[in-house]
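Letters are used for the chains, namely A, B and C, taken in the order the chains are written, and counting of residues starts over at 1 for each.
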């Protein structure tokens, strides 16, 4: 039995924000109530051994979900494995992660999906794989989506790339509507993207690097929203980065369409003016303008954005230690996501409850699930401090890779303990 | 006379500068870009190049100043003129060169830039002169090696020695760089030469007119505190210009639909008639290699206002001065000796 | 560096008289001035050469061309210099070949400056003869170099420094003996 005592329980589903004890029995939550007095605790336990976690001064939230990450296994184990990636995720407070299918082989069949889930059995967090939309993510034929769904995928995407053609997107959406699977798209116009390595703007001109305009993303978002309306399928926009894209999502929601979106922490923290000749600042979609960044923060606060997702994209150090043009796109993100979101809370731009929604009920809803701190629910919990001071050092990360633009950044607030299915998978050293 | 009393002693102690006269700016280790240089540093570099201009006229063009020193010329992008210019500059100073050329390089076999450069470095050159197709490549190498790096062109970012030789040419012809009206014609977006020119001349209060097809002259050039305006009409651009810089047309660009060359000639070729719209004493520069009859009319290229050949000579002078400054003297860790007879 | 002024070696008048005397000596010992030329070593050798040439003009109207030589690129101690040295142009407005040259400098000390100057001259051509005229000769030669025409010989220790100040360069006119103070 596990007792998490005196924590500030924030449960968006029940609008709870109170100091409560949470009890866990086996893999489920068994009790959520104010702290008992005196010996009542051992009575509740009924003689069983109690492990107590003192959560005084900490927030207790439903277990965080990361809708978008890359675990690189199978095929790119030099950059990350399911084991190292989920360990990093647990250190970031995540209890479930959704790895994208751009592995090698691509996760486009039930056997690959099963292989991933087998390796995930020993992972630190739950692993809910996203399957490819097209075979090999080549953008030609449909992948074996139904078979993968039976094997355990929670959504489809060709991430890394956009779903190649409008026609294919429509086919995928029509198909997934029947299976009640969300389609996640990496929105990008291929010809505007080609050759570019950062956002087009003053900084790209100054550095002499090829840039892509915001329209590279928003044109594809516009296309996707219209097809989603046509197919009446659930559409989720991956790593949204531009104000123009956000406005399209807002309009779609207003219209009652089932369109959702996520934003990464690096997109709401950094902008294109921060880019220098350092490949830790190279990712896709690239860091956007300051206006985009401000719009994203507004969208996080007002509900237009449904989830914060990391797009954790590890690359082994040697592959990133090259000229900017030649480096692969991507930055890691599991361990810094919460702290970066707390920066918004500390700056008064985001409420703490909203932050919790963005990491829990928001992503859960995209996947058609619930996420609650309630009796009978799976015991997935994230305990975090809003005040703990610490410095992130990429060299100390549990990930195999070091490509983070936040190396050396000082933070206020951190994950303190991560509980998955009743087991403490991460506990911060004091 | 010598007086042993303390006060008199103290009054005779004077501090003398152990160094040379004038404002010698802080020592440069690399030359990666014009952007971080001050106007003072640029003036110093241009002044330092002047004796090397004279030198090109000597009967015997061979110094022993850099004897025993080696400059590694690592050109990962094909280049004839700049490479020969640097090689000649080194040779005239008495230095040796190591030559890496893209076509025959190990890069074709998949070796990374870092490994290629480290291999060169292991042979202990005194500096690396580098040209590469990636913006920031010189910066990348400089942050990983101890020896000085001279950027001979990195992607679309900068070509600092071109900026310096253009400035020297302009200063010689016009007397000073201050407040000139500069017109640059061509593909500005992809031009490292244009960026270096903008950076350098911008530090001297020049005004710029950028002229070319809209897709090659992005709005973002108008930011950054410099006085820059854009136009796609050449007549508009040349009106009142003191200096006209003509860029070459790079005919194939990856990922870009090509502009028909006849369109370019029709709208942007610098002809004698168009040049007359500039000031009567305006000068014409071109970083080369030029395509006669494309971006520039042969009559203009060969005419009295053209400085194209002076640019080449000045390129040699600037590069000799740079090699001398960066590898001709001791490193910062050496004690300054100073001449034993009072200054020079 | 800190220096202690020890004594004045020459006043303005003394400098002038010495240069006049040197001009006469050079003319006397050159057996014909037709081929003669003066080359001043930057910096202070230059005004000295110009003054000597002017003095020579006063002697039977002898007109001797003057050139200037910058020796920065010929120094043998560049590897010990940490700051960027200032390089100037050399200006020699005559052909060096077959000329009877007089190198002019303010102080002859180790001889290395003169060695560098000769290297510079040979890059310009092949002079018939090179002789050296200096205002002060102070011993401590490190190379086999001697001056044919000396203003004044001064015994010095190696800690001492001779400071020559000329109005064209320094806005004052005197020669001082100073000592380096640590």
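Quick note on the criterion: a contact is a pair of C-beta atoms (placed from the backbone, for glycine too) under 8 Å apart; a residue touches a chain by one contact, two chains touch by 3 or more.
Here the structure is a predicted model, which is why all the values come from computation and not from measurement.
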Original post:
Can you list every chain in contact with both chain B and chain C?
Top reply: none
**OP:** Report the most central chain, judged by the distance from each chain's C-alpha mean to the global C-alpha mean.
**Re:** B
Original post:
Using CA atom averages as chain centres, what separation in Å is found between chain B and chain C?
Top reply: 37
Original post:
From the C-alpha centre of chain A to that of chain C, how far is it in Å?
Top reply: 78
Subject >> Chain centre separation (chain A, chain B; CA means) in Å >> reply: 47
**OP:** In the complex, go through chain B and note every residue touching chain A.
**Re:** 112-114, 132-137, 139-140, 154-158, 189, 192, 195, 218, 220-221, 223-224, 254-255
Subject >> Residues of chain A touching chain B in the complex >> reply: 191, 194-195, 200-202, 204-210, 277, 321-326
**OP:** State the interface residues of chain B toward chain C in the complex, per the touch definition above.
**Re:** 1-2, 9, 12-16, 18-22, 24-25, 27-28, 44, 47-48, 50-52, 54, 58-60, 62-65, 93, 321, 324-325, 328-344
Subject >> chain C to chain B touching residues, read off their complex >> reply: 1-7, 42-43, 70, 73-74, 77-90, 106-107, 109-110, 113, 119, 123-125, 161-164, 181
